[in-house]
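Below is one structure, written out as structure tokens; the observations come after it.
Order as written gives the chain letters A, B and C; numbering starts at 1 within each chain.
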Amino acid sequence: MNSQGTSLRAYVLTRLALAIPTVLILLTMVFGLMRVAPGDPISAALGGRVPPEELEQRREAAGLDEPLIKQYFQYLGNALTLDLGTTINDDRKVTSIIVENGSATLELTMAAFALALVVGISIGLLAGYYRDTWIDLSGRMFGIVIYAAPVFFTGYLAQLLFAGELGWLPSSGRASPIVEFELDQVTHFYLIDTLITGNWDAFWDVLQHLILPAVTLGLLISGVLIRLVRVNLLQTMRGDYVEAARARGIPERQVVIQHAFRNAMVPVVTVAGLQFAILLGGAVLTEQTFNWPGIGAELVRYLNERDYIAVQGIITIFALAVVVVSLVIDLINAFIDPRVRY
Amino acid sequence: MRTPRILKPFAQATGMPRTLLYSGVIIVLFFVILAIFAPWIAPYGFDQVSADGVRFPKQGAPDSAHLFGTTVQSTDVLSRVVWGSRTAIEVVVLALIFSLTIGVPLGLISGYVGGKLDRTLVLIMDALFAFPYLLLAIVIAFLLSDKLGQGVVTAALAITAVYIPQYYRVVRNHVISVREESYVEAARALGAKRMTIIRRYVLQNVIQNVPAIATLNAADAILTLAALGFLGYGIQPTEAAEWGYDLNRAIDDAGAGIWWTGLWPGLAIVLLVTGFTLVGEGLNDVLNPVIRARRLRKPKMDEAEVEAEEEPSHA
Amino acid sequence: MRGRRIALAAIAATSLSLGATACGGDDEGGSSSSGEADTLIQGTTDQPVSYDPAGSYDLPSSNIIFNVYQNLLQVPPGGNAPEPEAAEECDFTDDSGTTFECTLKEGLKFSDGTDLTSEDVKVSFDRNLAIADPQGASSLYLNIKSVETPDDQTVVFNLKAPDATWPFVLTSSGAAIVPAESDPDKVIPSDQVIGSGRYMVAEYEPGQQTVLEANPEYTGDDAAQIDRVIIQYYEKSSTLKQAVEQGEVELAYQSLSPTDVEDLESQDGLSVIKGPGSAIRYLNFNEDLQEGSDEQKLAVRQAVAQVIDRESIADNVYNGTALPLYSMVPAQVKFHTESFADEYGETPDVDAATQTLEDAGVETPVPLEIWWTPTHYGPASGDEYAEIQHQLEESGLFEVTLESTEWNQYSEAAFTDKYPAFQLGWFPDYPDADNYASTFYATTSFLNIHYSNPEMDDLLAEEKASTDEGVREEAFAKIQELGAKEAPMVPYIELSQVAVAVDGVTGVEDTLDPSYIFRYWLVSKD
């Protein structure tokens, strides 16, 4: 127990220490990318529209006349204290973009992820359990094809069918305009906001809006999970303890359900968490397709407007999120599965 | 005659992996043929809007003159799908060449030399790998488009940046395990030059893992290209036909019940990506039946050895 | 209580309309969505920049500004001359046309209950000029020497130069009256603006919605008929179109793609309302970046003007929601002439173009690099330029390379000598021909395409300084003729305004006029 405690602490410390250079590298990358961009942020957004003197003034105010190295450290400092500046074009605090639009993205991705887990795990287990049968083949093919279909194509088909042809579900947005207006935004998660105010009709409206985008994105991720679960189950079923259980004469079905399934899930759940990056990328496209006011849609909008401060801020947050999520998952993993620590 | 190493998996494949592998190869070949012979297969040019002085209908439904219908710009959908496969294959090939020529040598050197260089590179590549790949591609495509314009090369470079870390990791991990193999030790003991060892022994051995990753990455490359096109950071519509861009335009048609402008380019993407994935999965199954699909994994150093183990094929 | 009731009604309506669309989208699909008679839900793809008159210059912002503030003068619906709004009366008080005096109406109040006085008017202009926001329109008011307020009800504008268009200038959105207490050096956040107009901004969430509510303090004519307007933003024309089909919005305005408009026209329960537009599209040539001698540059421009098939662009790209345009001054604006048709004929003439190029000794095919932007002029821009490319290349006289980039970069590069030829569009600050003439043809034009002709500058000064209709008409005729001959820019289409309303929404047709102001106060619901 004691030695385990020590090794756990050692692992956590090492893992934390490793996260630091990763954060630094990512932030450096973001800073570098934004400086490679043609022109500085201020002239890119405002050039040609303000007199040169004012441009100069604004650049000075933004600290852009400082030496690059100073700007770099300034940026690092700001990023680490989550002071991400204010957008050039519409004077919004980047942190408020993250709260308002980030919550939309989180709501979408969490719903999608929940769906992906259910679909992915069940199909993956089935495919693995019935290895090399038609069930396996169709399960795998489903996974491959659903992953091969870009979200904007799946979304387009879903919109054509469920919003256009059948008219069952709204095709875009996060809520009906009037619900959007009436809604008290407490948590910025609409499902929760409508629940805590007990407004069931609004809840239903929000839920309806969530279905198409969440299913589209969720199916994509389920494609990834199917493979993962299947392969893991196959690996576990060849494991010693499963063999041992078999040898003890325990019925195959019970072996699989009691031993293999459970053990196959441990790596799956942790690795699944690492689909975060794919999820974020997919969310950009899903948001674009379904007019979902998330942070990915905002990123694209600000990129189009060349608002580099906004772009830099949003990417910085993405980078930090990726590091934090993988850190948290590794730590959880370490608690669950002692083998990881060595 | 001995089967060339790279074709070995095809000969070894049986059962389901064989089915996957072969159907994948057929699909990919189909698109490669479309790509190469596009000028002969496509009924019209990708931006042609009239033939013999007669203008094509705008958003015309599929009929005998235009099997897949026409777009909002009066171009022929079938022709655009065919020419689109040329664009897709071009970008994939370029992206593969770029990322192989950078990723593989980096991995080889880093893995073989080890030490500080190795540790630094691993950190950088891991960081790159962790970053949401689509965002990286978007930002790079966006930045490059100012310097290189929005063409095939820009798209390929944006995709390359995403995949270098993957090749790097696989190759490096493999090299680390191969480095300790007895025949490499022997060569070193015999006084072979470092570069010779890397080239003759390590590279030879490592290279056979590349096709599986390359095909899986090719699938992802097609998706990334389409996503770039969909978001408007891809290839200029006047430079080449590109499926993602066509889908983007088709979404505007969808509401008006015009399904043919989006369905075909969309299906083309799905089919080609499926083809590449099948080949990749098939190769994986054959080379290493318990290997986890590469791109799904988080890089973790201690897994290098597991992965590098070459198990005999289970049929 | 009230909020809750509205929400319920809307939900009921949504599910009802969903049911209705499911059985084939009959006429219930539209009208059932009406929520409550006192709320109008509009959808649009146009996002505003700022609701502070000092901070914006764009159509969606101006639209809200016209509904939230008052100007001294306004262009009445369907009219083409300024009339008093906040002013009781306005006029030039000297012969030289440099002193312009307005008397305010009695009893005007801002929505926060404070009185509107001449001081507020003065501050509005001073502040706009002082802030000089890059996104704003302060350049329109540079002719102001000073603004005086002899008493609470009187405002006097002292102008630097005689300006017959000054009454028109006072109708532009940047001339809206803000309270004197407004932050003197910063643009006010859009959800905190205060005006004296028919509506107030109740809520603004960028990218999502703007909510307007009727201003209880408004005392003028034509008060709002609908208590609340919700403006919902959509990314794409296609989603906006689906929203109006499903009854999620009751009014769709700016900008549905031509395809969507055509499809909506055939649907029950909706009406497509088209109004004359004064938004134009034109192709500019930067003379410094053109190749060859001055004569050859001119020949190339003329040949382009001769080869472009305007009818085909209007019909094939815009499905008839645009009209061919033969002058920089659109047809609905007073003093318009068909100068390009007079000069080059109404239909394309490849032979004449060939001759023009040959006479100037220009080698064909002429390489042309043309720039356009996909992010500012609506979803059909790409199609528009693909079409122009086809037309130019089909003539055999040109070899076109199309280039595009997003708007922010585009607008910088286009005006700083980076693009030899480029697409632009224009909608008026005020519906006077001057806004389509001196803006483009003056040596000092913002276009910076190095077109300069002293004769043109003289004509422009003449029309600007004169209040005599006859003098102005003659000057504008000459300006348009000269503009067509020298073709520094080639106009090709003007766009109609299109709004789609579900049945039961009335009054939309009254506001679709060349002024491009969407007046919510004219709209009502049965």
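What we mean here is this: contacts are C-beta pairs under 8 Å (C-beta built on N, C-alpha and C of every residue); 3 or more make two chains touch, one makes a residue touch a chain.
It should be emphasised that the depicted structure is a prediction, and the values quoted were computed from it without experimental measurement.
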item	value
Between B-C and A-B, the pair joined by more C-beta contacts	A-B
Chain closest to the middle, measuring from C-alpha centroids that were averaged per chain	A
Subunit A-subunit C separation of Cα centroids, rounded to whole Å	40
Whole-Å gap between the CA centroids of subunit A and subunit B	23
Subunit B and subunit C, separation of their C-alpha mean positions in angstrom	46
Touching two or more other chains - residues of subunit B	146, 232, 251, 254-255, 257
Shared interface positions of subunit A, touching two or more other chains	38, 159, 164, 288, 304
Subunit C: positions in contact with at least two other chains	236, 242, 375, 406, 409
Residue ranges of subunit A in contact with subunit B within the complex	21-22, 25-26, 29, 33, 36-38, 132, 136-137, 140, 144-145, 147-150, 152-153, 156-157, 159-160, 164, 224, 227-228, 231-232, 234-235, 238, 271, 274-275, 277-278, 280-282, 284-285, 288-289, 299-300, 303-304, 311, 315, 318-319, 322-323, 326
Subunit A-touching residues of subunit C, taken from the complex the two chains share	3-4, 6-8, 10-12, 14, 18, 20-22, 25, 35, 39, 41, 43, 49-50, 132, 134-135, 187, 189, 203, 205-209, 211, 230, 232, 234-236, 239, 242-243, 246, 248-249, 375, 406-409, 411-413, 415-416
Subunit C-facing residues of subunit A, complex	38, 43-50, 54, 89-92, 100-101, 159, 163-164, 166-173, 176-182, 199, 201-202, 204-205, 208, 288, 291, 293, 297-298, 301, 304-306
Sites on subunit B touched by subunit C in the complex	47, 49-50, 55, 58-59, 72-74, 145-146, 149-150, 232, 236-238, 249, 251-258
Residues of subunit C that touch subunit B when the two form their complex	236-238, 241-242, 245, 257, 259-260, 262-263, 316, 319, 374-375, 379, 382-383, 386-387, 389-390, 402-406, 409
